[in-house]
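Here the structure comes first, spelled out in structure tokens, and everything after it is commentary.
Note that the chains take the letters A, B, C and D in the order they are written out, and that residue 1 is the start of every chain.
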């Protein structure tokens, strides 16, 4: 891999993604955990840019950093739990071994043998634009059913969550 | 461009970290955050495969739409999951999943 | 300029942007007086001593607002491409987009009827 | 900017520089040029803001340092530099120090996509309008982090309220933003300006502009939505523990954000650089953008200094029960009418190349519908106001128990 903007970006975003993820699972403080999660997901947004999907990157930042981070923070503040939980982990050793084994299996068993030889020369030139996406979303032969299902899913999630979270006593 | 397997390797690492978080963390909110990590690992894979595969033009957007969908599901999951955590906390004063086993037979 | 060059510009911008506010803060760090004492660096509550935890119990209403916002924010994932493709769209496409918005308005209406929008 | 970049690139290449280095250097120069605009403006803005506020309050304002007090901001900066910077013992040091940086950077970053003239801009991203919304969300997170990291009850409370306010008003903001995107058929800000060649979008959908204006006033935390600095309720809000230059950074970010929003509104609704003779020289085009943005900026200052602060329950009710349904209805009406006109072939599908005459029928129809909506709304507001006045008893009772309303 030669030294250019993309490889620099790749390294930086890898540090963001994996460093942030480690922060999420290791920090004791949940608010700091939320910030770490956002660092990690910002790195993922960076990958999307490198993979020529800037729309997804912007949406990733909008949804995660703009909304989910705020929502998690509100939830953390609503459940004052830090002081009560003394130990962070349960089943530490088996979990660690299990996830390490999973990573090694995925890396050595799937990723490298199957996709290791995939040459980057075969990348298609044309990249779909946001307009293509919009046209396909509402096309009869395109994704109109998933498009409307997404709306139903969001409506259901919102109604359900409001129903659950509302405090009936007040 | 970085080769495909590098993206997949990062995604695998991210997924494994998420799995560790889900298995080992005690706090329900932390577990939820780990699940978000796993979903994002999946998203990296989806976008990487979409970018690197040679597909016919009418399938050009499959990966893209799939990723947008995972994003929406992740958001819905966070919303409902956190609402459940808040309610359980309100009733049981606890955010540890093992302690909220009132539905167990 | 190709697409990635554009984003290289944004990336460089993102690296530089925090440096601008950091510069005066660093300069201030060099010049400022340093006379800390216990009282000065204690938590400021109008002179009254702090009692208890900072994490006071917050009302659930914050979460509900955040929740409704999240749903509308996520909706933008599909509405922005829809708006961009609007001009070339057939009537069918428009109706699909209309249904999409309408379904979500339903959820807002539910929240309204359940008084979930009130700041209690 | 692009022009200059390629120019500089080629010069560097000819002098035998490494291509990567040449590109990097030219990009760096571009970044410095683009970001220089907001950084220089902010010094001027603070002076303008203080002068305008003073005039509205029948004062003179800064007039000692430099001609008409122009150097007052510099003097203030020197004062801030020499102030002691107190970090409370209980604070989370890393987040406490990072928050003002992120807050300021998130505003400066917006300028990367602003088209100053037809040919001078940082970048013309395909997703420009979405970039604007996405970057603004960093500011929200920074306020949250500042409030939490201070480890102070008032700071946390203030941050919570501000964040609830910011996220609430982002919903109508984005729905209003969808209207120009839909009319132009593109998220690129350059395309949006070009599409207003025939007609400014503020004429096509005045309601969208009003919604955008109100919610961006809230996004910047200005009166009547200035919960950010509700001194009487929360001491100072989320930045209570900050002092010295870090406190200054939060304020500079706020001033700059207001002006940036003015510029964005000029681009989205008032045709950006468009105006007589804009094609003659980039300077004229730039002056048009600055003039329009500045005018909008001045109206926000006027508003800020004239109206009182609303209570948080009023702010939230106004947003969720009025502004959000209105913005959704507006989007539906505009898209429905335009699609109907397009199907009847009364409008060119592509506004980019449409002339004033071709757009006249669309304008008239859209304006009619918008006017009808505005009249209907005014009717609703009038009825509400009358009801509120008829029940002074309830209003007073509500006022007598601020704890039930303003509690956390």
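FYI, contacts are C-beta pairs under 8 Å (C-beta built on N, C-alpha and C of every residue); 3 or more make two chains touch, one makes a residue touch a chain.
Quantities reported herein were computed from a predicted structural model and do not represent experimental measurements.
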Practice task
Specify the chain with the shortest distance from its C-alpha centroid to the centroid of every protein C-alpha atom present.
Solution key: C
Handout entry: Selected pair, greater C-beta contact count between B-C and A-C
Key = A-C
Practice task
Averaging only over C-alpha atoms, locate the centres of chain A and chain C and give their separation in whole Å.
Solution key: 17
Practice task
Could you put a whole-Å number on the gap between the CA centroids of chain B and chain C?
Solution key: 21
Handout entry: Whole-Å gap between the CA centroids of chain B and chain D
Key = 33
Practice task
Averaged over CA atoms, how far is the centre of chain A from the centre of chain D? Could you give it in whole Å?
Solution key: 28
Exercise for the section: Pull out every residue in chain C that's touching 2 or more other chains. Expected result: 3, 5, 7-8, 55, 58, 60, 62-63, 66-71, 73-74, 76-78, 80, 83-86, 88-89, 94, 97
Completion exercise
chain D residues touching 2+ other chains are 125-127, 130, 133, 156, 160, 167, 170, 185-187
Handout entry: Junction residues of chain B, two or more chains touched
Key = 68, 71-72, 75-76, 78-79, 82-83, 86
Exercise for the section: Draw the chains as points, connect those that touch, then say whether the picture is a line, ring, star, complete or other. Expected result: other
Exercise for the section: Within their complex, state which residues of chain A touch chain C. Expected result: 5-6, 9, 49-50, 52, 54-55, 59, 62-63, 66-68, 70-71, 74-75, 77-78, 80, 82-83, 127, 130-135, 137-140, 144, 147-148, 150-152, 154-155, 157-159, 161-163, 165-167, 170
Fill in the blank from the handout: The chain A residues in contact with chain B across the complex are 1, 6-7, 10, 14, 17-18, 21-22, 24-25, 30, 33-34, 37, 40-41, 44, 47-48, 50-53, 56, 59-60, 63-64, 67-68, 71-72, 75-76, 78-79, 81, 85, 87-92, 94-96, 98-100, 102-103, 106-107, 110-112, 115-116, 118-120, 122-124, 126-128, 132-133, 136-137, 142-143, 146, 150, 153-154, 156-158, 160-162, 164-165, 167
Problem - For the chain D and chain A complex, residues of the former touching the latter - result: 20, 92, 95, 125-127, 130-131, 133-138, 140-141, 144-145, 148, 156, 160, 163, 167, 170, 185-187
Problem - Sites on chain C touched by chain D in the complex - result: 1, 3, 5-10, 12-14, 16-18, 20-22, 24-25, 27-29, 31-36, 38, 40-46, 50, 54-56, 58-59, 62, 65-66, 68-69, 72-73, 76, 79-80, 83-89, 91, 94, 97-98, 101, 105, 108, 112, 117-119
Exercise for the section: Please give the residue numbers of chain C that touch chain B in the complex, ascending. Expected result: 60, 63, 67, 70-71, 73-74, 77-78
